[in-house]
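Notes follow once the structure below has been shown.
The letters A, B, C, D and E name the chains in turn, as written, and every chain counts its residues from 1.
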Amino acid sequence: MPPRNPFTRSAQSAEVKPRKIGSSLLQGVITVIVILAIWQCIVIFFKMPSFILPSPGAVLQKLVQRADVLVFHAWVTMQEILLGLLLGLTMGLFFALQMLLFKPLKRWLLPILIASQAIPVFAIAPILMLWLGYGIASKVVMAALIIFFPVTTCCYDGLRSTPTGYLDLAQTMSASRWQTLRHIRLPAALPTLASGIRVAVVVAPIGAVVGEWVGSSAGLGYLMLQANARMMIDEMFAALFILALFSISLYFMTDQCLKRAIHWRL
Amino acid sequence: MPPRNPFTRSAQSAEVKPRKIGSSLLQGVITVIVILAIWQCIVIFFKMPSFILPSPGAVLQKLVQRADVLVFHAWVTMQEILLGLLLGLTMGLFFALQMLLFKPLKRWLLPILIASQAIPVFAIAPILMLWLGYGIASKVVMAALIIFFPVTTCCYDGLRSTPTGYLDLAQTMSASRWQTLRHIRLPAALPTLASGIRVAVVVAPIGAVVGEWVGSSAGLGYLMLQANARMMIDEMFAALFILALFSISLYFMTDQCLKRAIHWRL
Amino acid sequence: AQNKRVTLMLDWFVNPNHGPIIVALQQGYFDEQGLTVKIQEPADPSLPAKLVAANKVDLAISYQTSLTIDVAAKLPLIRASTLISTPLNTMMVLDNGKINTLADLKGKKIGIAIAGNEEAIIGTMLQTAGVNYSDVEIIHVGWALSSALASGKVDAIWGGFRNFESNQLAIEGYPSKAFYPEEHGVPMYDELVVVANADHYDADAIGKFNKAIEKATAYILNHPKKAWTIFVSYSPDTLDNELNQRAWRDTLTRFDLRPAAVDLKRYDEFTQFLFDHKVIPFKPKSGDFVPTL
Amino acid sequence: MADSVLIKIINGALRYKGEGQYVLSQVNMSIAKHQWTSVLGKSGCGKTSLLRFLAGLLDEKVDWSGSVETPLQGDLSQHVAYMAQQDLLMPWLSVMDNVCLRFRLSNKKITEPEKQQATALIEQVGLLDKIHHFPEQLSGGMRQRVALARTLMQDKPLVLMDEPFSALDAVTRYQLQNLSVTLLQNKTIVLITHDPQEALRLSSKIYLMHGQPAQCHSFPVPTMDVPRRLSGEIAQLQQQLIEQLGKNHASS
Amino acid sequence: MADSVLIKIINGALRYKGEGQYVLSQVNMSIAKHQWTSVLGKSGCGKTSLLRFLAGLLDEKVDWSGSVETPLQGDLSQHVAYMAQQDLLMPWLSVMDNVCLRFRLSNKKITEPEKQQATALIEQVGLLDKIHHFPEQLSGGMRQRVALARTLMQDKPLVLMDEPFSALDAVTRYQLQNLSVTLLQNKTIVLITHDPQEALRLSSKIYLMHGQPAQCHSFPVPTMDVPRRLSGEIAQLQQQLIEQLGKNHASS
C-alpha cells in the first residue's frame, strides 16, 4: 500500500530507534558550517565592522593561531561546566524529591528557589566571592545555580504527574514511598526530566562563564574579558565559538543517551 | 478504614483540585517573610558588612523611602518582562512546531537555537545595540531569548512523545497534520509544556535585567547597576527584592492557571 | 540658529569625573555654543568607544590606555578632548600596616577589573620595587573591586580610582593606602578622554564642545560649592550622597583646564610604554589619533 | 461477486521489524461488502496486527508481503473507521467531545443535526447522564461504550472493530450488538471477537486464525440475515466452533 | 462460621466526591475465607468501585458509610493483591520484570527460587517466548496474562480480580481459570466478571449487583468444589443467572 500520513510515522520512529552516532557526527559538522555561513552573511549584509562582529574567517584564523591559549582556558571552563552540571542535576533532583515527599516543605522551599533564579549575579557577586572565593567553586556554583531550576521544575512536574493507575498498583503492593518513587515515579518521569536535562546541558556553559566574570584568573570567560579589553574581538569570538561548541556537543551527546535510555512511552 | 499511604494521596489531590487563590496569597505573604528571615539570619551570622549585604530592615526602609523611583523603574521592567514572555513563548512554541513538522529542519535549526543560548550577552551587546538600539526592544529580545529555549525544549519533547494510540486514532480519522497537532499532540503535551512555561516566567525577569545592561535609561536593572556604581547597596537590594517578587508572583499566578487548565492525566 | 545635536556616551554612570560635562549641561554652556548634547550611560565601559567607532554615537568618554589599544586595533577613533589629564587608577591596599611598600606585595593576591593593561602597568610598578609580575597572583574580581579588598579576599586592588574607591572604602570604615602609577615608573597619561569617530568627526562641533567644558571647568574651580549643587541638581536622588561629595572634592583638582590642548609627545611616550610591554602590536602615531583641531 | 468483495487479501504475510518470526503467513481472506466478517483466534495469534495493518497503522513497523485488493479508490486507510482494543479516549475531552472527535480532527464544523445524532448515540449506549463527564470518571465498560459511539459517529464504508464488546455484561453487549447492526447497515464490518456466540449472531462470514505464524480458514455459517436469534442450529454451530477453536489451540 | 468469613460488608454505601448520587448503597456482602466469590452486574453498576474501595484505593476519593469487618490484622489493603481492569504494565519493564514488580517495590532481593517461580508462571500463561519483550510488543490478551502472572506472584491472603480473563479466547481463558484456581488455593478471591459461566465454574458464592445506586444479592450455587465441570445442572443455573441479570438490567 502507498505510505500514509508521514507525520505520525516520523514522530514514532524518532522514539523507536535513536539515530546512529555517525550520522549525528555528520550532522554536527554540517551545523557548524551552517552557523558559520549565517554568521558570514550577517557580517556581509549588515556591514558589521570587525571590532563588533569579526568575520568567521578571522575568528577561525585566531582559533588556530591561539590554539594553545584557547585549549588551556577551554579546559578550565570545561571542568567547571561538568562539575556544575553534576552539582546542578543532583540539586535539581534533590529539591524536586524534597518538594514531592514533604508537601508542606514545598510552599517554603519553592519561593526561595525562584528568588534564587531572579537575582542577577553581579548583584550578589561580592557575596559569592566572599563565600566561595575565586577558585573553581564560584563557577561551579554559578553553573549549578543557572541549571538547577529548569531541572527541578521538569523533574518535579514529571514526578507528580505519574499515571494514577501505576501509583494505585504500587500502593496495593504496599510499596514504601521511597520504593514507589524509585521504581514507579522516577521512570515514569524520565521523559519530562529529559527535557530538563536537555535545557541544563545547554545553559550550563553560560553559567560557568558568568561565574568567571564574578572572579577568576582563567577560563573562557576570563579570556573573553581580556580579549575584549584589548580589542581583540576576533579572539573573543574564538572563545565564544568554543563555548557554543560545548553547548551544542553537550546537547547532542546527552540527547543520544536520553534517547537510548527512554525507549518506551507512557 | 485508617488512611493509607499519604504519598500517593497528596500527589493526586495536587492535580485534582487547584489550591484557592486566598491560600496562595497567604502563602505568598508567608514566604516573603521567610525569605526576609533567612536573609536577616545570613546578615547576622555571617557578619555581612552592609556594603556587601545590607540588612532587610535597611532595604525595606529604602523600599518605602524611594517608593516613587522604584515603582517607576519596576513599571518599565514589568513591561519588558511581559512583552518578553509573550515573544519568548510564541517563539518557543513556533520553533517547537517547526522542528516537529519539518523533521529535516530540526537538524539545522536546533544547533543554532542552542548556540544562541550559549552566548553571553555582554559579548554581543554591541551587536544588539547596533540592531535594537537603546529602547525597549533590546530588553524584550533578551528576555525572550533567555526563556525561549526551555519553552522550545519542553514543548518539543512534549509534542513528540504523544501516546502512539492517540496518533493512530487521529490517523484513522485521516486528520491533517495540523489537526492532529492542534487537537491531539498539543493537549497531550500540555503537562510537559507547563514545565517549560513555569521555568520561563521565573527566568524572564532576569532576561529583562540583562537586557537593561546592554543599554537602557530606565528599569530595575539600570537602577541596580546605578545604585551599585554609587555604592547604594541597600537601594540595589531593594530593586533586587522587587525583581524577586516579580518572579515569585509570576510563578504562582502561572501555576494556578496551569493547574486549572490541566485537570487530566495521560 | 538650529542647535547641533550631539550624542555623548559616558564611560559609566554619571559621577564626579563627569563634573565639567554635567555642569556645562546644567549651566547651558552647550546651548551657548549651539550644541544640544544628549547623554547616555552604558553599563559596560568598553561599549562606548565601539559605538563611536561604529558611528552610532558622536562622542564617548574613554581612557587614554583604551584609546591607544583601540587605535592599535584599527578602530577609527580620535581623541577629541581630555577630561581628566592625570591617571586616576591606583594600586590600593588596606591601611592596616600589613603592606607598606610595593615590595610587600611579593607573593600576594592583586585583584583587578580586567582593562587589558594590567600586566604592563602593574608589572612596571612592581619592578620599581624589585618584584616580578610573576611573583604576584592576579585575580579578576570584576564587579567587586573594593569589597574584594575590604573583605581581605585580595591584598591589593588595581583599577580603583583614587578619587572614588578610596573614599568608598573610607566611608565603609576601611582606610586605604594608594600607590600611584606615575610615581612608580609608569609614564603620565590622561585618565578620561573624549573620543570621536576618526572618519566622521565634526571638528566644529568638537571645538564648541571643548569650549563649553573648558568654561564649565573654570566655573567649577572658581565656585566649587555652587558647582557641587549644580552637579547634584542633574539627578539629586542618585547623586547627592556622601561618597560623591568626597569624590567631588578629590576630583576638583584633576579636571583638565585645557580640554582641547594636545601634547603629542606625552601620548607617544605612553604608546611606547604600551608597545614595550606588548599590549599593542605596533605604535600608532599620536599625530594620527590626536589631531589638533 | 467480485464487485461484492470489498477487500481481498492474497497470501498476506506480516512480520514486525526486528522480530525473528512472522506473525501472519499465507493469509487469504475476502471481506464481503456490506457484511459482517468475524475473526476469531487464540490470544496473540495476530488478529489485531491484521486489523491494524488494514487500517494502515503498521506501514513502517512491519514487513508485509502479499497483496490487498480493493475496489475502493486510493488509500484503503482513508475509508476505514477503526475501533482499537484499548478505548483511546482523550482524557482532556468530555464524553460528548470524545464522541465528536471526528469533527475536531477534520476541519468540519459540527452541525446541529450531527450534535443531535451524537447525543442520541450516547443515549443509546446508555451514557446520557455521563455526557459531560470525563473519561477518568467512567467505568471500564462505559469507556468502551464511548469508544463504540465514537466509531459509530464516523461514517466510513469499512469499519474495523477489535473486541468492541469485551468489557460489557451479557445484556448490554446484546443490546449494543443490535444497535451496531442497525447503525452499520450497508457498511462493511470486520469484527475481532473471542465470543463464538457473538460471531455467530452477527457475521455472515467467520475466519478462524491459528498456528504460528498464523493462517486463517473460514468457518461456514448459515445464510440468515443478522442479527440471528439463537436457534438450535446456531447452538450447534457454536459447539462446533468451540471445538474447532480447541483443536486449533491444541495444534498450535 | 464467623471465623470462615474473611470480609463482611454491612450496609456499605459509596459515593464519589463531587458526584450527586451514590454508586452503592446498602451493600451487604460476606466473603468466605479460601473461597472464590464472584460479583456480576451491569456495566457501570459499581463493581470496580467496590473492589477498589476494598483495595484501599478510594479512601480520599469517595464518601463511604457502612462497616467493613475483617479478622485480618491492621489495614485491610495490606493484605490485598489487586488485579485492575486495565493491565497496568510498566512500559519500561520487560515481561519478566513486570511479573517480578513486587520484589522491586518491596525492598526484598529476588531469590533464585522466586525467579524460577516467575519464569514458570510466565510459561504457564504461555509467554515464555516473550519473557524479555516489552509491553508495547504484546497483544492485548498477552498483556492481560502478564498482569495475571504479576498478581499470582504476590502472595496475599486476599486477591481481588477485576475481569481478569476478559480479553482472552475461550480456550486460553479456560486454562488460566484452572491455573488460577490451583495457584490460589487457600487464598480468598473476589472476582468481577461479565461471564456467568466463569462465575459458575469458579465461585462458591455469587453476588449480583443491580440498581442505581447498586445493591447486591447473592445467587445460590451448588456446593461442589471448584473448578466445576459443565454439567446439566450448571447449564441450568447459567440460564437462570442470565435471566436474573436480564431482569435486573430491565428493572434498573
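Assume a residue touches a chain if its C-beta (ideal position, glycine included) is under 8 Å from a C-beta of that chain, and two chains touch if they have at least 3 such contacts.
Since we're looking at a predicted model, the values are computed, not measured.
Undergrad: Please give the intersection of the contact partners of subunit B with those of subunit E.
TA: The common neighbours are A, D.
Undergrad: Centre to centre, using CA atoms, which chain is the farthest one from subunit E?
TA: Ranked by distance of C-alpha centres from subunit E, the top chain is C.
Undergrad: Cα centroid separation between subunit A and subunit B, in whole Å?
TA: Taking the average C-alpha coordinate of subunit A and of subunit B, the gap between them is 17 Å.
Undergrad: How far is the middle of subunit C from the middle of subunit E, if each middle is the mean of its Cα atoms, in Å?
TA: So the centre of subunit C lies 85 Å away from the centre of subunit E.
Undergrad: With chain centres defined as C-alpha means, what is the inter-centre distance between subunit A and subunit C in Å?
TA: 39
Undergrad: For subunit E, what residues touch not just one other chain but two or more?
TA: Within subunit E, the residues that touch at least two other chains are 56, 77, 86, 136.
Undergrad: Would you pick out the residues of subunit B that each touch at least 2 other chains?
TA: Correct list: 4, 12, 51-52, 122, 126, 130, 164, 168, 170-171, 174, 180, 225, 228, 265-266.
Undergrad: So which stretches of subunit C touch two or more other chains?
TA: 50, 54, 143, 147, 151
Undergrad: If we count contacts the way the header does, which residues on subunit A are in touch with subunit C in the complex?
TA: Within the complex, subunit A touches subunit C at residues 49-52, 122, 125-126, 129-130, 133-134, 212-217, 222, 225-226, 228-233.
Undergrad: If we count contacts the way the header does, which residues on subunit A are in touch with subunit E in the complex?
TA: Its residues touching subunit E are 165-166, 168-176, 179-180, 183-184, 187-188, 190, 263-266.
Undergrad: Mind listing the subunit D positions that touch subunit E in their complex?
TA: By the definition above, subunit D touches subunit E via 16, 19, 40-44, 48-49, 85-86, 126, 137-142, 145, 162-163, 166-173, 194, 196, 242, 245-246, 249.
Undergrad: Report the residues of subunit C in contact with subunit B in the complex, numbered from low to high.
TA: Touching subunit B: residues 12-13, 15, 40-44, 47, 50-51, 54, 56, 143, 146-147, 150-151, 168, 171-172, 237-239, 241, 243-244 of subunit C.
Undergrad: Which residues of subunit A touch subunit B in their complex?
TA: 4-5, 7-8, 10-12, 14-15, 27-28, 30-32, 34-35, 38, 46, 48, 52-53, 100-101, 103, 107-108, 110-112, 114-115, 117-120, 122-123, 126-127, 130-131, 149-150, 153-154, 157-158, 160-164, 167-168, 170-171, 174, 177, 180, 191-192, 194-196, 198-199, 202-203, 205-206, 209-210, 213, 221, 224, 228, 236-237, 240, 243-244, 246-248, 251, 265-266
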